[in-house]
Amino acid sequence: MSSVWGRNLTVTVFGQSHAEAIGVVVDGLPAGLRIDTEELQAFLQRRAAGGPFATARKEPDVPEIVSGLVDGVTCGAPITALIRNTNVRSGDYSDLRDHPRPSHADYPASVRFDGANDIRGGGQFSGRLTAALCVAGGLCMQFLKTKGVAIGGHIASIGKIHDKAFDPVTVTADEFLTDAFPVRDNEAKTAMQELITVTRSEGDSVGGTIECAAVGLPAGVGDPLFDGLENRISSIVFGIPAVKGVEFGNGFAAAELTGSENNDAYYYAGDTVKTHTNRHGGILGGISTGMPLVLRVAIKPTPSIAKEQETVELSSKTGYTQQIKGRHDPCIVPRAVPCVEAALAIALADYLV
Amino acid sequence: MSSVWGRNLTVTVFGQSHAEAIGVVVDGLPAGLRIDTEELQAFLQRRAAGGPFATARKEPDVPEIVSGLVDGVTCGAPITALIRNTNVRSGDYSDLRDHPRPSHADYPASVRFDGANDIRGGGQFSGRLTAALCVAGGLCMQFLKTKGVAIGGHIASIGKIHDKAFDPVTVTADEFLTDAFPVRDNEAKTAMQELITVTRSEGDSVGGTIECAAVGLPAGVGDPLFDGLENRISSIVFGIPAVKGVEFGNGFAAAELTGSENNDAYYYAGDTVKTHTNRHGGILGGISTGMPLVLRVAIKPTPSIAKEQETVELSSKTGYTQQIKGRHDPCIVPRAVPCVEAALAIALADYLV
Amino acid sequence: MSSVWGRNLTVTVFGQSHAEAIGVVVDGLPAGLRIDTEELQAFLQRRAAGGPFATARKEPDVPEIVSGLVDGVTCGAPITALIRNTNVRSGDYSDLRDHPRPSHADYPASVRFDGANDIRGGGQFSGRLTAALCVAGGLCMQFLKTKGVAIGGHIASIGKIHDKAFDPVTVTADEFLTDAFPVRDNEAKTAMQELITVTRSEGDSVGGTIECAAVGLPAGVGDPLFDGLENRISSIVFGIPAVKGVEFGNGFAAAELTGSENNDAYYYAGDTVKTHTNRHGGILGGISTGMPLVLRVAIKPTPSIAKEQETVELSSKTGYTQQIKGRHDPCIVPRAVPCVEAALAIALADYLV
Amino acid sequence: MSSVWGRNLTVTVFGQSHAEAIGVVVDGLPAGLRIDTEELQAFLQRRAAGGPFATARKEPDVPEIVSGLVDGVTCGAPITALIRNTNVRSGDYSDLRDHPRPSHADYPASVRFDGANDIRGGGQFSGRLTAALCVAGGLCMQFLKTKGVAIGGHIASIGKIHDKAFDPVTVTADEFLTDAFPVRDNEAKTAMQELITVTRSEGDSVGGTIECAAVGLPAGVGDPLFDGLENRISSIVFGIPAVKGVEFGNGFAAAELTGSENNDAYYYAGDTVKTHTNRHGGILGGISTGMPLVLRVAIKPTPSIAKEQETVELSSKTGYTQQIKGRHDPCIVPRAVPCVEAALAIALADYLV
């Protein structure tokens, strides 16, 4: 079931980087929901390739919705979106099959699939599949809007340069950025872009973190034990390539604090129970508290770098010095922001449909 | 399905802190596996209450296995273990129901379950349920042993005091600790214990991190997208109360590195493909690489503290100053180590059964 | 996941005929539901052994509920019920292991579980486990009652003797029988009981069919394709040992009809859409129509018979003439009626929780 | 999850009768399997419209496989097949929305989806979606062939005219028919075709039954309780529109027999355990016995008939006399044969992948 996620709302992602198409089937959204395709397209655009800080591969990423809508309105049948892979460079990939790229999935995938895995452009493991995830996420966001829930994120850091974090108590949808390089602090933004430019010129790549928030989620959403918000959000977030960590609220920082430093005192704001601080990130016992849900995700530096690297030659069982050619992002973090938002939207929609 | 985890191996956890019993049903272990109950009991003992650094509540935690074994050998039917709650203090919990404890699940649980949630001792949200998780994990560890896989962990930090990390390349099962306070560096151990003693005396609690590793896992275990190792391990690890973050390999530290700093070069060790470094934590593309699987988990400080705290009175919709009484751990981290090991064991067993 | 059923409501059945206990974990019933244990016990009594038409093994079948209730009310945590196996005759089962009983699961189970399956009393395959199913079903019935849904059944036939069928249009809960031998037509009842008595005296057994109905189910419950009412009801009904067929509405009889004979015309009864006839059994396209849901289930004759039978000796790979000793039902059909009701209740509750 | 079926192998069906496309995503087939697209196409052809005994709507039913294959070989990524709906008559369906057709899903679907369901051509409930099911089934058959398992079926009856049944003991793949009207007995075939011709001329339709068998399945495949072969096969077979019953082996006939009449004696055929008779249909306790797996499925007469029928007008809450126009099959049974085969193939593949 590796390509299927969900319980009440199921998302089935398909495709490989160089297959005829990638796409997604979203089953379980309520019937009668009008889909704004322009809004969906604008969301996808944030992930799509383009700009000086991303790969040269340009895909239009215009999904064709082939089922599930009647006159733009959901009908209860699963929504299926297809994105054709138009800008596929054909070529000889036998070299790549014999020489797995360091820190890519090439080698474990080859063991897992007995050497039959699609090696072209990373196959099923390509970041390209996040376009499908974003279609599902974009649809879920439109559903969540009907429930008063909004989701947004920003680049929290690239390398050692940090953006200003959301205030976890007061953050609102108005603060959510929608540009292709979403950073809240302009100085940090400039520094990040310079770092990426330098890193690219050195034939290297750089990682970063993403902060994401959901506002408007009422208290009482979630479940104990294995179906808690953290369990389910993380189970989909790790489906985004390059994610190596996830934390909620204070996260790893909480490990250094005392209870009196980390606890959040309750109070009544009118009729509503709130907390003065939000170190818990809006989740306690797997269930929402009504405070903003806040998480951070660690994105490793893109393993595709231009620098020479040591790897192996599988056919001869010897060492091999490799130089990866072709297009690749020096920093995947900006494009990963809408992916994390999408994952969060899907996870929340699964509870609320 | 909040109490059921798994696909090929399912684990159903049940019980509340003050119910007649807690327990677990483990379905899917292969038939013909001899269960060593002493080994299982020794594993459970690591989690059980006791010692100067834990709560005063002492539970024997001796599971009664009521199904699934014939003469100590699995028969293919689900294994069910029951742990009676013997040391339950009865008392008046109406005060607690009206005054949710800060950073506990009391408030969101009360919204989720319309005020009918079992408030006694935290009910279903109590750390007590990890005893059931550990039974399942202990059984899975015995299964994993037949596959050559071993799992171990240690306290990586308490507060700001850090233990020596595993070497992610060379770590072996010989290094796994099995005492009730598993720390690799003796100086750090002493400092941690002193910190806990001081913290307790101040009526406070403290958090920490746990590092856990699996060795012997062959390359090729796992799946792309949503059924990757990271997805599934995190989806169960967050079932342990107080976990607020999880990271694999370099995790959040990778976000500050360049690709050339974070990539792991391949080489042949005899016939086996290995990496010189292991920043990827044994997982690429959701699939094992054959290197040790390494993860770290953030545990927040126990929210139960003796200090006075501000909360609300639900009945009157006013503020309320609360002082929590009764037994509680000043630091849950030592007891959480076997829980994380158990979660990892269950996740891996699900792939290997 | 063979022991776990369900999506929103999960039922985990455990135990073997001669294990320490059998039982069930029911997760997903809403919190705040008061459970009437006497009503539950009365329901279980219908399935329990006893009377002249059943096996001599008498089990009290009094479940101990060890979790999920606080003062008799559901708290949102899974409800776990345990039934001890008290009346277990110990003995030598090595004979049975070597000589699989015809039309029992002994042989395929021995292949499936490499000879480690629990052979005692049929192990996991014993009809005894339906006591656990009935606990879950009885709980679900109490939940369904709060939704206005009632479930009942009767023996539709034993051998060639048929009871009067429910009128699928007018059937109400008032017609549901709750005695241990539920037959609507008294003449048929007497004839059936005589047939069982004769069959038993001949060392043989006899099969039958069960008709079951749900009334009060509103229109619009169910889902297309794989989550239709028929899909999900059948997926649990076949979990009852000895079930070899299931049909809804006209079922197999519809195969002999024309569309004009089998279609059900709609009309308005006040504001409600109804059908004059109910050949569709209350389900169209997997979704309820608001008419009574009606199904029939085929129960094969108990394979345990006193007559000599031909089988094999696995150890010597030769033939073997077997005479099965011990207690067994000459006709399982009466006791299977509450089991089918329970299965139907669980299936419907999964949609309505 | 109504559109997703499966545990180890997942099948996600999407589309509506008049959507841009229908299709299917098949996830979990092993990598390295060469797909014979001609063989797949030939299988689909059996279901496709055509011939004097079917509807006039002619769809090419040529799936475009957009993912999962590299040079015709599975790569481990999900296989996605798309079938465009080319022969779609546009038109005014508002009449249909207000006047639900008797014994179609129109009315319950309209309640389930708040009137937003796709009414065009039956939408998601159309038999057209079985083309997608057949793609998945055809792929699974090619996988099963590598395991020595073959699946075949025939029209067992139309109206009261019965074909010669498979001999459940000796049936082999050689007997499996692949023509568009698969009947084993030529006299019965002629009579069935005459019956359909007459029925059509009367503006009516007629039902029937289908017998299906799997040969080559080894003993020991399946699971107890809820994951038995019967549970899982029925859970997918009922996804085929118009199926109202399913039975295995002797099925409902077993209900009239005694144990001594219905039991199957074991014997050794060389080293293999077999049964002289096969009333159990190759399944005991949910697990295969190594004998041919045999099931029968009841197909109701197509509800679309040309005769006038009574229904309701939803807008005015009054009665309405309806005459359904357009294309429809007088007998769906011939085209349903490959659908049942496909469902069986998918169910078995889920165990064997």
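A, B, C and D are the chain letters, set down in written order, and residue numbers restart from 1 in every chain.
We adopt the following convention: a residue touches a chain if its C-beta (ideal position, glycine included) is under 8 Å from a C-beta of that chain, and two chains touch if they have at least 3 such contacts.
Everything numeric in this text was worked out from a predicted model, so none of it was measured.
Among the remaining chains, those touching chain A and also chain B are C, D.
Interface comparison, B-C against A-C: more C-beta pairs in contact at B-C. Rounded to a whole number, the gap between the C-alpha centres of chain A and chain C is 46 angstrom.
In whole angstrom, the spacing between the mean C-alpha positions of chain B and chain C is 39. Shared interface positions of chain C, i.e. residues touching 2 or more other chains, are given as 1-4, 7-8, 76-77, 109, 112, 124, 224. Of all residues in chain C, those touching chain B in their complex are 1-4, 6-8, 10, 12, 14-16, 19-23, 25, 27-28, 30-32, 64-68, 70, 73-78, 80, 82, 109, 112-118, 120, 123-124.
Chain A makes touch with chain C in their complex at residues 7-8, 76-77, 224.
The part of chain A that touches chain B in the complex is made up of residues 1-5, 7, 13, 100, 102-105, 107-109, 111-112, 124-125, 129, 157, 159-160, 199, 204-209, 219-228, 230-232, 234-236, 238-239, 241, 243-252, 254-268, 271, 273, 275-276, 279-281, 283-290, 298-305, 307, 309-312, 314, 317-319.
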